[in-house]
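Just below sit the structures, each encoded as structure tokens.
Each of the next two complexes has chain A plus one other chain: chain B in the first, chain C in the second.
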Partner chain A sequence: MSKFLSRQRLNGAQTFAVLGLPGIALYAVAVIIPLTLAIRYSLLDFNLLTSKGPFVGLDNYRDVLTDPDFWSALGFTSVLTVYLLLAANIGGLLLALLLNRRRRVFNGLRTIAFVPSILSGVVLAYIWSTILTDKGVLNNTLGLLGLAELQTSWLGTPLAAQASVIFISGWPSIGFSTVVYLAGLQSIPSELLEAASVDGAGPVRTFRAITWPLLQPSLFVVSTMMIIGGVKSYDVSAVLTGGGPAGATDTPALQILRHGFEENRAGFANAQAIILLSIIVLISVVGYTISAKREK
Partner chain B sequence: MYRLRKAGAVAAVTAVMALALSGCAPAAPAEEVKLSFLTYTSPNVTKETWEKAVADIEAENPNIKIELLYTPDLDRQGYAKQLLASGQLPDILWDVPLTDFVDAGALLPYEASDFEGLNIPAGFNAVDGKQYSLANGTFIYPGVFYNPDAFDAAGVGVPTTFDELVDAAAAIKANGKTPFLLSSGSDTWSTEFLLNALVCTDVLGSNPDWLIQRKADKVSFSDPEFVKAVNKFVELRDAGSFNSDALSINYSQANAAWATGDYAMWPMGGWGGGVKSDVFTPGVFSMPTDDGTPILPTVIGPSLYISATTAHPEEARKVAVALAGLTSLQEVQMKNDAQFPVIDGITPPEGTTQATLDGLKLYEDKSIKQVYGFPNTLSGDDMAPSGWTGEYDKAIQALIGGGSSADFVKALDDAWATLSK
Partner chain C sequence: MTHRYDPDHASPMRYIVAIAAIAAYALPLYLAIINTFKTNEQIIADPGGAPAPFTMGNVINVLTNPESDIPPTLLRTSLITLTVVTLVVLLGAMLGYYVARHDSAATRVLMLTLLLGLAVPAQVLLIPLTQTFRGLGIMGTYAALIISDVGFFVPFSVLIFSRFVRSIPKELDESASIDGAGPLRSFFLIIFPLTRPAAASVAIFVSVWVWNDFVNPLILLGPATGTTIMAGLYRTLGQYTSDFGTTFAYMFVASVPLLILFLALQRSFISGLTSGSTKG
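After this line comes the complex of A and B, so read on.
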């Protein structure tokens, strides 16, 4: 018996070695080693070009946390993230409820709803960069519709530029969340919905009592993805405004690249990256804890 | 250093393995050398330009094959830094931040003989007595490109003093045209050229060493002469002389806007002279001074650099020298990019724009005082700290958006102090 167990343990170890180690090695190379290096560099006054830098302790973290530009970018990114959360969850859920039908036409509509998610932020920003100039399609259309008072410099004034970046960043997220919510809706057992109907529950009551509680995992997935995507947003600002005007659409991710590669302040950039990562991890853990408690 | 040592070790192991695997294969008759060359493309200098230049050099050197690599955008120095930091530096590079790269030990120096026949000042860009950059052209940096039709229609001539410039802008605006075309958008670097021109005349014109003194903290951006230049910019802004979409449009969109003829002046680096229009023939003048004494800002470069990690330093140098002196390349650069050649005997090719010819006339006029263009982002004792120009561009955006001169110069001094640490 004990011989059998020993063989079982050995087989388990072998199985782990064959199946687990490659994955762990890959994870170490792609995540653990770079993360360890980033933490190390964040404690140095490190220059990527010379690969040199004295140990400065937590000075880089202090400099990041006292840098008004960092807080300004984080503030803009927070607004962007809240918008993504609202747009993706409300827009995605409504679209999913609308498209959760069995007719063939809805298959096509579901595909159309997902298309913006396929396009990269760079492509979307490039397309919108011609639409949003002062003499672009949007202002011309507003003029033709007799809404000239709504015309503005969509990329040239800080508030309008921020609104433009936020809107364009949020657009594809609705397609993504629609698909997630559709998957959630289609996993709800039809027996539950039929039983509710037999019991005389209307659509609103059914949604509140059955559909919404069973969509909590979808809510968690969409919200987590939107928070991560929002906090590390980069591409739309980079292509559409370059972070301007005057830093209005700057994001922490854009700043990290600039500090590291343009200003040769890799230590400072890595400290900012670690702070950003900590924020994402903290929010994700809080979200997961709340979600796990609800599921219980 | 560790990275270099590691790369060397990997190269050595690879070489040993290659030798072992090649076993008893017969020796190749002539060793073919493969070199990589990182350059860029723009609306004016296309892939075809570089392919033709490389083909010409390969024809002269049959054992050398050159692989062309292109930067993903016009931020050539930023991309070169990324490649250096990731240990992927090509053999030959076009335009790098020289001081940073020399500090990193990333470049090989040229020899004095490499500069024979090139009209580059002796010792130009030298670092500790060694020259690492080989320029293949010069530019006006910046010039004020102008639409003569807009000036004629407003009844004004080319201004020779700053007051005349202000009056001309007012007359042009009253006549229904926008006096100045500025751009920014995603190309934040393109924001700065009007102010650059004003700083060149008002600050560097009387004190060419101003930036060297700034590095030594002997002067600051809040000093009267610099503030005066900024106030001139604000005066033009407050007079409504700029296009309303200055902060919205990027460089490419500004090129298209300039060609429409709706604008009277476009302050830009010399390459702006390569932009053609179907509705008018652009010319160029240098930013007028207060008393009318002409001052022309110019820069030498961009330049060719040799990577210290190249496996073929002699061949790489040979190719760089050949590229710097390649007549066909300089002709194309002159015709399309308004770059002035550094080798004698080049006549402007057919199709060279009037703005380029006007600029060349200014450049060759020995009676006009020349200053090195502001800000120097390339190299030397007056090079701004890495990343400072990004903060400068950001501050100009705020200035265009209505910011004050005082806030602007304070932002420049603060950024300089932070980035000089």
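After this line comes the complex of A and C, so read on.
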């Protein structure tokens, strides 16, 4: 018996070593150790070049939380996130309702709508920059339409640049959420819709009583992705405006990279990173709790 | 008069509105494609017009210019993506299987730790990663990029695979073990082949992310090592501001591999990328 048990135990440990350990080891090197180091650096006046720095306690956190640039970046990111939520859910739902026909043309349109979701942020942002630069397609077209008074420097004035970055960040999201909502719509059993139509329910009534309640999982998927994507966003600003003009389109994620790598303020950058991570963990926990309650 | 209920009936009006809406939505894509095949003079004079004359000059120029080094970069990016995807799928499937079949306090703590990893943005890890990799002496090597990408996506992969393995009846493992197969054999011979849909989702999500990423390669590979295609594109954007044709062609060449894969595997692409809603 004891022999049997010890063989089992050895087997169990070996199984874990082969199946579990490689994944855990790489996860530790790439995520857990860096995360622990990030917390450590955030408490130091850390210098990346010498890999050293004196302990300064919570000074970095105080500096971040009293830095007006951090708050303005967080404010801009919040507006961007709210726009993403609205644009992806409203625009995506409307387009999905429009495209919800199993016909070849509509399937083709769905494919086109999804293309921006697989393009790199660098590519998206550069395509839009050729449209939005001072002598770009948009100002040209406005001129041709006799709307020259609407021409502006879309990337060069703070308010227009903020609007541009927000609008462009929403562009791939709308196609993405269209496809998610379409999948939701097409998973609704057609008998339900047919029964509603036989009972004489109009399209509005059917939507409110059947379609919308059954689209809640799609709403949840799209909203989670938009909130988390919005809070971490950086690539459109990085390529299109570099965070400018005058920091107007700066996001916390972009500031972390700049403070850390360009300005060698690693302690400050890591404090900012830990604050950003806390915000995302908080949002995830709230989202998870809501979805767990729903499933009950 | 009887109406036959047909949920897929589409009126001509719906066709017109749908086509117009997607045409408006896809206008930037149209601009990017047509300008790839136009001369610089025409791009500046008439950015919205169809190519006249049609030219492959920009694409040929980008592919043959030794300075931009694009064909080797495409090959390098494919190899890096393939390596990362293979490791993420394999390690995630093994760990996911282990977690799904060994429910204990320890595996639950492990799952929680992995869930934390789902929420961590890549930027939070980059500064300390450079220090870790410098310490290991691999900063600036492909190993650094591959290790960080694989480790970053292990949690996502484990989550997808563990969910999938739980839907496979345990009796399957048990009957294999009665036949004398150990846990490793029953995983590799019986379970892993069944997890294809999960593997496809993970592989597609991770390929798109790794192919399109430009920040990790810029920082972890540094300037000395040959870079990936999007990091290369990001670097060139500043240099050729006046040479629009070349830039459009660069973007075209950098995006086409994923686009072809997408058109060939549309269904798996969509389910794979939407499964990413769990990756924070």
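To be clear about the criterion, the second predicted complex is superposed on the first by the 259 of 296 C-alpha atoms of A that agree within 3 Å, B and C clash if a C-alpha of one lies under 4 Å from a C-alpha of the other, contacts with A are read in each partner's own complex, and residues count from 1 in each chain.
We adopt the following convention: a contact is a pair of C-beta atoms (placed from the backbone, for glycine too) under 8 Å apart; a residue touches a chain by one contact, two chains touch by 3 or more.
Worth saying up front: this structure is predicted, and the values here are computed from it rather than measured.
Chemist: Return first, second, both or neither, reflecting whether A:D134 touches chain B, chain C, both chains, or no partner chain.
Modeler: Only chain B; A:D134 stays clear of chain C.
Chemist: After superposition on the shared chain, which partner residues are touched by A:L85: those of chain B (first), chain C (second), both, or neither?
Modeler: A:L85 sits against neither chain B nor chain C.
Chemist: Would you sort A:A183 into first (chain B), second (chain C), both or neither based on which partner it touches?
Modeler: The answer is second: A:A183 touches chain C but not chain B.
Chemist: What is the contact status of A:A271 with respect to chain B (first) and chain C (second): first, second, both, or neither?
Modeler: Once the two structures are laid over each other on A, A:A271 reaches no partner at all.
Chemist: Counting only touches as set out at the top, which of chain B and chain C does A:L48 meet: first, second, both, neither?
Modeler: A:L48 sits against chain B and chain C alike.
Chemist: Which holds for A:V165: it touches chain B only (first), chain C only (second), both, or neither?
Modeler: A:V165 sits against neither chain B nor chain C.
Chemist: Once the two complexes are aligned on chain A, which partner has more residues of chain A within touching range, chain B or chain C?
Modeler: Higher number of touched chain A residues: C.
Chemist: Name the contact category of A:S153: first (chain B only), second (chain C only), both, or neither.
Modeler: first
Chemist: Quick one: classify A:F261 as touching chain B (first), chain C (second), both or neither.
Modeler: both
Chemist: Could you tell me if A:G242 is touching chain B, chain C, both of them or neither one (first, second, both, neither)?
Modeler: Only chain B; A:G242 stays clear of chain C.
Chemist: Would you mind listing the overlap between the chain B footprint and the chain C footprint on chain A?
Modeler: In chain A, positions 48, 51, 130, 239, 261, 266 sit in both the chain B and chain C interfaces.
Chemist: Looking at the complex, which residues from chain C come into contact with chain A?
Modeler: 5, 7-10, 14-15, 17-19, 21-22, 25-26, 28-29, 31-32, 35, 47-48, 87, 91-92, 94-95, 97-99, 110, 113-114, 116-121, 123-132, 134, 147-152, 154-155, 157-158, 182-184, 187, 208, 211-215, 219, 230, 233-234, 237, 244, 247, 251, 254-255, 258-259, 262-263, 266, 269-270, 273-274, 276-277, 280
Chemist: Across the complex, what residues on chain B touch chain A?
Modeler: 1-3, 78, 81-82, 84-85, 100-101, 103-106, 184-188, 244-250, 253, 385-387, 390, 394-395, 397-398, 400-401, 403, 419
Chemist: Give the list of chain A residues in touch with chain B in this complex.
Modeler: Chain A residues touching chain B: 47-51, 129-130, 132-135, 153-158, 238-247, 258-259, 261-266.
Chemist: If we count contacts the way the header does, which residues on chain A are in touch with chain C in the complex?
Modeler: 11, 15-16, 18-20, 22-24, 26-35, 37-38, 41, 48, 51, 95, 98-99, 101-103, 105-106, 109, 111-123, 126-128, 130-131, 136-137, 140-141, 171, 174-176, 179-180, 183, 190, 193-194, 197-198, 221-222, 224-225, 228, 232, 234-235, 239, 253, 256-257, 260-261, 266, 269-270, 273-274, 276-277, 280-281, 284
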